[in-house]
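Next come two complexes built around subunit A: one with subunit B, the other with subunit C.
Take a look at the complex of A and B:
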């Protein structure tokens, strides 16, 4: 069976609470027991509790596969990019370095690149991926466009990402504020602080929230 | 003789905490489980529905239970990894007795022999010093059947008034506040009322880490247009993207609520009609908040005045709202006042008892709600009845088939039980589901008290830190090894189903308790054959009380995915009815056994009560010597005293050891960098931990999570000050100081979780 074509994966990092439920549940999967295939990143813990779950974005033209010298990374017909195939993978780390989203990880013990395959064992049987099922904040959501539309009036899905010159189109969708102009998430621009139309106070505790200035001393 | 039998490191060597990872059958990728058991998580008050995968007599994993409406498959990491507590190398498979000659400090003994020894010691102590020389400590992670049995066991079998439970550290300020304001102690609304509210006010609740599933309700409310106000000294994950963040100084919540009410009155953002018709006591409260001008409120709470004004305006002008709070405001020597302050702004708004107009405390423990309803509290009898009320006593005496005079009077709170031990008034202790050496404040005092006991018996599945002091430990049951009900966060009674049998000589806790009753020769009333039989008696015992379970059956629970109490079996005229349960309290026109139709609140006049919620500073405020505020709390991957979660490898790896959270500005003045060792010191004791330097905490406050033991326990530092009414300890604010340190000795001898 294939992943039903009306079911999509949506990520909303603004909802993420860093609980790692997704990572812990991933490691319970029957096909890779004890080892998670996804991870959680703190953006910058010293100033914020912002975290983001890193699952595979399942690119239309996967960079990881393009740079693989052993042709070990395959995509299913329904668009799921799989972990490297065991006999082919030479553990060269090309994919780990090349993926713009930082998804693949080298499992040193297995000498094999492993990454999220959107719980193919579950999704191809009509179930939701494990991480999106357990996620307590629903930062990871699996469902139809109609469902996300009804549930998330404040945001909308985008699936094109710009990394400098490279434009990447993904199967997995990222929720961005609805009012914004973004058609493409310009990742490298954001890295350089060039996010348009937004001022973000990172040190909120020091930005005038205390009753008097002496308070902070 | 409850001193440690041998060096604690040796006990740890044998009994842990050690870490369990996926092992045995669980690692087999081709395994097909024999069955999936629909039940609930064993940890927090959300009580997420979960399916346990069972193979043989092992729980080997989980599968989400997406049909259960509250969490629809969602789980936090604790729920995901909870199954790893089963088949654990530290599991107590036999009774053990204190034995200084044994390398581990304990030797195994037959279960029956152990039970008889326990009975003999109880008898010895009671004949030498009186019945009240035995104390009982119980817990709110137990099923309601067990909690009920513990209350009955203490009063009827042991004939001691001295029973209390670990909810004393958790729910009691909310309980007292709710009873004073509403006459009933339960979340007023279902969580579905959060979604659709215009304003969601969260005070002192690290929702994302301590009640993770609630996060989705809050986020969903915001999607539907709600503004989220979070009051906390730290920017917790739920605060990170809230609409209004009020960084309150720990222990100042009553002041904030008074200041908000002041502005509501000044701007006429109150529901005068509701106040007049549905409540009493408003005038006194209005008089009290007069002095709480925005300037004064800002000065005391440490929150900038414009933010207080904004919060009051949002709250005051909303049409619908939901206010929730948790331990942040309750763990205070003025916890009840803080709770009452929050209820006052709810009542003044008139937004309660309707859809999307809600108020609730977020329960902490699995059965934080059910565990506080049926008589294991020191002053309570089943059905939420009062032990000092003659009518209530008479009714329960009839159910228990004892003379009313035989039921002892009120006992004392859990901390006072330790003070009684200290004074030599209590000589023997029985504990179940309570680890006070980690969880009570000023834990050095708790240890000294334990050492004074003549006899201590603990019932547990692992040898927790307190049980290391025990003369005998009886091997009890894990949640998945027994059945029964619990009441979750919304007051919904749900069913815990048995997945596997107790291993070895371990036994269901209620059987162990009944075994002791039998060995004492006081078997009458303790011959239940199953949890269902206990539940049937509990239904009768609760009938006509505030927490009426008489219309609830195991079958109804399964059919409806839970039943919210009150659920009477008869209508007001005494005719049998099939009641679906009460999802939302205080709806206009509803009947309850206290008001008898006079109004929806649980007082004879049917009205809600305003109470003056006076502010006073924490018992131990900062000074030149101890200039910082210490506050404590949880992390998402650990639970309470860690007896279970510090044994689960993947959870320990997520956040292995406690750290001292501090603001960079404070760290700079102390010369401390992220990851440096630092010593936090209070008038009680000190702990040395690594510093976590983060800009997400007030610069005048440090935070330490409390789940660890021994040299790493935050509760060495905390103060044993208690709320005068609820007796909850003040975990959230005491004075401390911090200095840079070098690596402590324990690093070489202890693993992170030990």
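Take a look at the complex of A and C:
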């Protein structure tokens, strides 16, 4: 069985509410009982409560697999990069350090790398990954292009990312504003983005309240 | 062109190893004087397996990351400053990792039980079978003492014992004990594969069941041979001998291709452990974004080299805001945040706002 070709994984970090549902659902999987493969990260903890779920993006040419000295990371024909093969992984940490998205986890006790495999036991049988089934805000969405277009008319999916000079194409897609011209998300450009400020202005909700209060309404 | 050169090199190593084995068989059996011609099929299967294993191993060692670890592993192990300490730690790790499979014990008790029994069963069987097949060990009755056996190793008399002794019983049934260990291990592994939902979800026939079936087939046909000549007056012995030979030869021929190849890859775990040891004791790489140490500087630099050899180019464009020159200088935690930040930048740009406002 293979992941149905019309089913795709879409991530939208800006929709994440940090509820941890994905983490709990992931850890329920029988293949890695009690240990979540998904990361839920604070983006800039000192200044913001924004969180982001990080799953394996399943690169077309996975850096993790190529830098593995034990040849322990394999990609299926339908493009899913599998977790390290248990008999082969020698726990060297190369994949952890090389993955441009920071996905693989090293379990030092087991001497084994583990990572998100898009719930291959489920997706290869036409089911959705655990995290996507429980995500209440649909920051993690698994479905067809038609479904995501209907749900997010102002966004569009992209699957090409730039890290310095390296272009990485992935199986998983990220939602970006529809109006933007970019076809490639320059990830490393965000590294030097606007200097984080100490004050967060919640314009959308608060500005109206304060304006009304100032006017005595 | 490079691939062709690698294949030629690997084939040369494979041929060399197979040649060395053939010479060792010739010498060890005293010019085939003690070589059992009935076992010639086993011998050729072993010679082919040796070629295949060394060929694949040599191909594997030529992959850039493997070559880097192979070189570095020996460098750090043989470093004069740490050699004595490394030797002591090597002994400790050999016992924990290979004798007791401690890391598999931490992965799961059933998995460990299955692996440990199968591993020791196979090691005992290999230690008995190959020297016998190659004629390196043979037994002869002691002249004038028909109730005693003498053991010859590479043609040299080494030991002597009565035929009707406990030692003889244990020694001559060595393959029976090995088969019992393997069958017990295979049973545990099969039980786990049939009952464990996690294992069932990802297992494959060729990778996970075929090795168990082969090990079981070898062991059970071997036991049937013993049962045939011990209790059944040699009933169907010839058929069973051929059946046993078929299972063993198939497994030997399959050794370089399937799951069993991990037996030869696995020792790399020891080299990697020393690489990590020295990495912890030497300078750490600090993330150029958050400033936190996240890995050994040696590994980060080695990875940059390996990535370049593999055709990746994660070099960063010069920026006045950072002195980072390579993406490898950014820690995994910051990388996980960057994707969301990049999306935020795009959203901010599309609405004309600045991020964090």
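We take it that the second predicted complex is superposed on the first by the 193 of 217 C-alpha atoms of A that agree within 3 Å, B and C clash if a C-alpha of one lies under 4 Å from a C-alpha of the other, contacts with A are read in each partner's own complex, and residues count from 1 in each chain.
By definition in this document, a contact is a pair of C-beta atoms (placed from the backbone, for glycine too) under 8 Å apart; a residue touches a chain by one contact, two chains touch by 3 or more.
The structure presented is a predicted model; accordingly, all values stated were derived computationally and were not measured.
When both complexes are overlaid on chain A, the residue A:68 reaches subunit C alone and has no touch with subunit B.
Looking at the shared chain after the overlay, A:184 reaches neither subunit B nor subunit C. Contact with subunit C, but none with subunit B, is seen for A:91 once the two complexes are overlaid on the shared chain.
In the superposition on chain A, contact is made by A:47 with both subunit B and subunit C. When the two structures are aligned on the shared chain, A:135 is found in touch with subunit B, with no touch to subunit C. Looking at the shared chain after the overlay, A:99 reaches subunit C, while subunit B stays out of its contact range.
Applying the stated contact rule after C-alpha superposition, one finds that A:31 touches each of subunit B and subunit C.
Of the two partner chains placed by superposition, subunit B and subunit C are both touched by A:14. With both complexes placed on chain A, subunit A has more residues touched by C than by the other of subunit B and subunit C. Residues 14, 16, 30-31, 33, 47-48, 50, 203 of subunit A touch subunit B in one complex and subunit C in the other. For subunit A in complex with subunit B, the residues that touch the partner chain are 14-21, 23-25, 27-28, 30-31, 33-34, 45-51, 128, 130, 133-138, 151-154, 202-206, 208-212, 215-217. Taken in their complex, subunit B has these residues touching subunit A: 21-22, 26-29, 61-62, 64, 66, 71, 73-77, 79-81, 208-209, 212-213, 215-216, 219-220, 222-224, 235-238, 240-241, 245-247, 298-299, 301-305, 307, 636-637, 650-651, 654, 663-665, 674, 693-700.
Here subunit A touches subunit C in the complex through residues 12-14, 16, 29-33, 39, 41-44, 47-48, 50, 52, 54, 63, 66-71, 86-88, 90-94, 96-103, 109-112, 120-121, 161, 163-166, 174-177, 179-180, 182, 185-194, 196-197, 200-201, 203, going by the rule given at the top. By the touch rule above, subunit C contacts subunit A in their complex via residues 60, 63, 65-66, 68-69, 103, 106-107, 196-198, 201-202, 259, 262, 265-266, 268-269, 272, 275-276, 289, 294-295, 299-300, 303, 306-307, 310, 312-317, 319, 321-322, 324, 326-328, 330-351, 354-357.
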